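The first chain written gets the first letter, and so on, giving A, B, C, D, E and F; residue counts start at 1 in each chain.
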Amino acid sequence: MRSHQRNNEQLRPVQVERGFQPGADASVLIKMGNTHVLCAVTVEETVPPFLRDSGRGWITAEYGMLPCSTNSRMAREAARGRSGRTYEIQRLIGRSLRMMVDLDSIGERTLRVDCDVLNADGGTRTAAITGAALALYDAFAKLDNEGTLARPELMPVAAISAGIVNGEARLDLDYSEDSTAEVDANFVMSADGRIIEVQSTAEARPFSRTQFNELLDLAEKGVQELLELWL
Amino acid sequence: MRSHQRNNEQLRPVQVERGFQPGADASVLIKMGNTHVLCAVTVEETVPPFLRDSGRGWITAEYGMLPCSTNSRMAREAARGRSGRTYEIQRLIGRSLRMMVDLDSIGERTLRVDCDVLNADGGTRTAAITGAALALYDAFAKLDNEGTLARPELMPVAAISAGIVNGEARLDLDYSEDSTAEVDANFVMSADGRIIEVQSTAEARPFSRTQFNELLDLAEKGVQELLELWL
Amino acid sequence: MRSHQRNNEQLRPVQVERGFQPGADASVLIKMGNTHVLCAVTVEETVPPFLRDSGRGWITAEYGMLPCSTNSRMAREAARGRSGRTYEIQRLIGRSLRMMVDLDSIGERTLRVDCDVLNADGGTRTAAITGAALALYDAFAKLDNEGTLARPELMPVAAISAGIVNGEARLDLDYSEDSTAEVDANFVMSADGRIIEVQSTAEARPFSRTQFNELLDLAEKGVQELLELWL
Amino acid sequence: MRSHQRNNEQLRPVQVERGFQPGADASVLIKMGNTHVLCAVTVEETVPPFLRDSGRGWITAEYGMLPCSTNSRMAREAARGRSGRTYEIQRLIGRSLRMMVDLDSIGERTLRVDCDVLNADGGTRTAAITGAALALYDAFAKLDNEGTLARPELMPVAAISAGIVNGEARLDLDYSEDSTAEVDANFVMSADGRIIEVQSTAEARPFSRTQFNELLDLAEKGVQELLELWL
Amino acid sequence: MRSHQRNNEQLRPVQVERGFQPGADASVLIKMGNTHVLCAVTVEETVPPFLRDSGRGWITAEYGMLPCSTNSRMAREAARGRSGRTYEIQRLIGRSLRMMVDLDSIGERTLRVDCDVLNADGGTRTAAITGAALALYDAFAKLDNEGTLARPELMPVAAISAGIVNGEARLDLDYSEDSTAEVDANFVMSADGRIIEVQSTAEARPFSRTQFNELLDLAEKGVQELLELWL
Amino acid sequence: MRSHQRNNEQLRPVQVERGFQPGADASVLIKMGNTHVLCAVTVEETVPPFLRDSGRGWITAEYGMLPCSTNSRMAREAARGRSGRTYEIQRLIGRSLRMMVDLDSIGERTLRVDCDVLNADGGTRTAAITGAALALYDAFAKLDNEGTLARPELMPVAAISAGIVNGEARLDLDYSEDSTAEVDANFVMSADGRIIEVQSTAEARPFSRTQFNELLDLAEKGVQELLELWL
């Protein structure tokens, strides 16, 4: 039996707490089972150098894990520098979020989303994307309320992992499954069922196109459920 | 009126949540008003080089702030390296905690306490010490339960800030007070009323011995109240 | 018309030069059109700490670009540190190459593949994987010739990019196509047509499952052609 | 008997040599027994970003130790980065010196004081403050002589250590005392007997308020003697 | 017998390939025996801060080695930072190249030469200077062709090593000679036989003025031959 | 007239103070005019990895400048990392000192010489070599006195700069001369008149062999005078 008494096609229980960090422009603590990620948005009235005087805005993300979020403590990146894994993840989050909105419609400002993992039990990067998308929704609402920027059209986005464990396709792997999976995949999708990002990796041996399609089917279903958080 | 409807001699409301990070050997989320610090202990079966083969253990601390814990976002230390302030604070926390126990009685192991500020509203370093001391208590209890180490004798320790604001001595400053204080002080004390560490700094002009004694009086009272968390 | 007078389903001209760096244990300069990547293998008789005394070997990769490999000079990573993109790419290369061989069969040694881009015109990461796989083949042959290690069974592997440009699915994008693509994907596959890694990213807007399948079809065809380099 | 044939209430012999570094705007080599610290001021016609266009100036300090200033060589911070101790000390020196003068009266300029320890025998941070205050006096005199800035009103400041060694309160610890002290304290005070900074740390066990007051009495006496250097 | 069947006064075979990196403003791959160095020029329309508004240009160089350019792999400087040797060499290259042209005649622009060693068999720094001088010639020709800058007067420059091996003065040492040389020297000279830079180092024991003159005689001859590349 | 009323062939006044840093194994403060360099030796009972179990010792050097040793303050290398110039100089000092003694005769230990410039007025690297050689003499004497190592045979070594200023060859340039010199050279020589290192650089235009020989003549004379410090 999988954790939380679920079958292969089920998500872990999902909870969202808004406003966890009152100092941020918007913040969401998303919990997917025992994976807890805090997503906080800061609105900055500048853009990176390559966008200056373009009239275009920017959305970017940073990712971190608290040292004791995992079972064996991870050394702090303030001491050892960011790992390759961290760079890879924050680039994925940023790319995915930039698909949510026409950057020409938000003015020359940057929305920076800090995604910090308080507890990690698999699927932190996909939880971060799902939570960050909601936090961006709240941040745009705040900008609208303040009269800074009329709310732009947003495409709801969510992300989920899937994988093949003991030969079975499963949705939303927790850490014990992820660490023994034969295939590990992450999917970012939009409300209309289209794909924003697919990453699928053979961990033990190559996988077939059929297997990949099973994972994609699971992910479509999972993302649709996660997008109910937007209602 | 001060925040939380309190007078100059009162603490902010204090709350403690244990076991916030199940991956740690012990963890405490301490809330003093809107200052929230997560203190998590990791037990490592090694000691720093200068203690090898000494039969002596070590207690040390690391300190960090989440980027959006403050009103204006702080750049992540993973990107810019630790600040001088961070070094200063984590050295203070470590020194204070090492007074809690005879290091010869804990074997050649290190208890590392990660203090991460989730929300900052003044007094993060003293909240970290108070919370970390409780987390160490829990960690030693766990080592005892596991049969690893009989529980050593622990001296309860707590810490509090005090300062002079608008000419008045006040206990437990929140950020708006701290940032305008004429004198800012931090006190670490033990259950028997003795002092472990005093740091008192003139922010606007030098202060008299009388003023300093007023702050020390307030701190004694505050620490006694905080030590009720140990009961 | 696309570069090198090719249609949407064609690769750029591919050339391989072996032994470019006589100081390496094996080296391959692979040219795919104007993308030139030097892949050099070093055999080290040690493994990373997590594999010590496991009887298991390791394959890893590092990636770099010469400053003038691109049209506008890139600052040297020796001066500014590795970028997130570099970390992402070298992790992809390493993961892909480790699928080629049973690591239990190669003894406690590390094969480190340096992939250095001499000229970049799109598709450097996939060219690096294709070239590095060949260089590993040569390195294992050398170990066999020296009597160090009987040649282990190797699964031939190659990689290729595909993308949607102006609404058309195209194979093996060069830089001018890559920089304007609506969808950008990289595929690593094995000789039997199975998948080792898929990464597909929406650059302009989400893509449909049908579009993704078109890219996968192209990639299958391209990888089969590249694997003829192994004959 | 203590070093230099002194009793518990006596300072070590103090000597001051002005102009040691002719390239600086002012420089003082202060010797307290075998602790020798070179304090050199540079006047910069800029201020840190947070003070731009404020009309306000700034005073800051940097601290370093020559590798062979101690009995066992210290690795150079140019090779290993600044230590936490260095950050802590230079922040203390800067805070203390900023109390000497109304920063609104010195114009938008920075006085940077480099405090470099040539020989260390305990009390380097307090010697640095005492010497740096004198060097600032000389730097303001130079600015006045040059016609750049009329000499602002300066509050004389000095600093001294005290501690409890073998149960006895002692003034101005040298290294052999400092390394075995039960309590270690540093005091920065002004000419009128008020306090600028107090830092007092239990090294072996907590200390009582009575003990702390003994240290403060010694420090008051010591600072008065050091301020005779200003006459 | 020396490598390439040459006597003590002979250079290794020299080859030059122009345009190796089409993305650069000019590029030269120089081969001296088995030492291969790629020299690529980038023209930047800025100058370092100390030359702003001076009307004067700048020429500078960076130097790197591919990890497998040597017989035992060198760790990548992107991971460990530049070595002292690298700094020393790139400063030498830059100084030498700045002698080629009156910097007042090239406008406020920087010509940056990247010298990357593809294969190293001794004499990489002198090959880099000889190749970089040719690449600068090509870069100035390009600027002239584009109408950006009329071609300035250039002084042809080349560099060569010499040394004493087994008591014999030899020209153009390869690695096996260099690593056992008693004296090692590098010379940069101009077409009229004058000296731009001399560096001569005793590796085993001091050398006499007579020995030094023998090396200088060899170098004069070698540089004259290398300057035929300019014809 | 040159500084210190000297002609082109004269050294600046030279003074040596031994034992400046009692914490070092030996220390020499050398003053050549207004250039003051502190050279301190630490004996370490280890060698670098490449010499382990070789029976051979090592001599190495580090070089630094105090921030206010120059007329305009230099940023501290603890903050910005070592410069290329620093690496270049400390490599030169180390190489030169290793010529003083047969490293097989000193056992597996390292003599590390810290050369710190207290005041800089040209010629700091040559003053460092001359002072460090004397400090090594004292360190070997101490090892002999302690009974650790019988005093090995030492070759006295000294170093001096020379240059062409306003068309005239001059010995021992001070900063004002050095910064306007047409040719700048540094020579390290032994007591028997042989050469250990020559570095000569054209600053304004190439120089002739005749000019170089004039500089070498001056240097020979200067070194002989400096070696009188050894008597």
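The working rule: contacts are C-beta pairs under 8 Å (C-beta built on N, C-alpha and C of every residue); 3 or more make two chains touch, one makes a residue touch a chain.
The shown structure was predicted, so the numbers you read here are calculated from the model rather than taken from an experiment.
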item: Contacts common to chain C and chain E (chain labels); value: none
item: Self-contact between copies chain A and chain B, residue sets same or different by half; value: same
item: Chain C and chain F: spacing of chain centres that average the CA atoms, whole Å; value: 51
item: Whole-Å gap separating chain B and chain E, where each centre is the average of the chain's CA atoms; value: 59
item: Shared-contact residues (touching 2 or more other chains) in chain B; value: 81
item: Topology of the chain contact graph, where touching chains are joined (line, ring, star, complete, other); value: ring
item: Going round from chain E, first to chain F: chain order; value: E, F, D, B, A, C
item: Sites on chain F touched by chain E in the complex; value: 81, 83-85, 87-88, 90-91, 95, 99, 155, 189-190, 192-202, 205-209, 212, 216
item: Residue numbers on chain F that touch chain D, as the complex places them; value: 20-24, 27, 34, 38, 40, 42, 62, 64, 66-73, 76-79, 81-82, 86, 112, 114, 116, 118-120
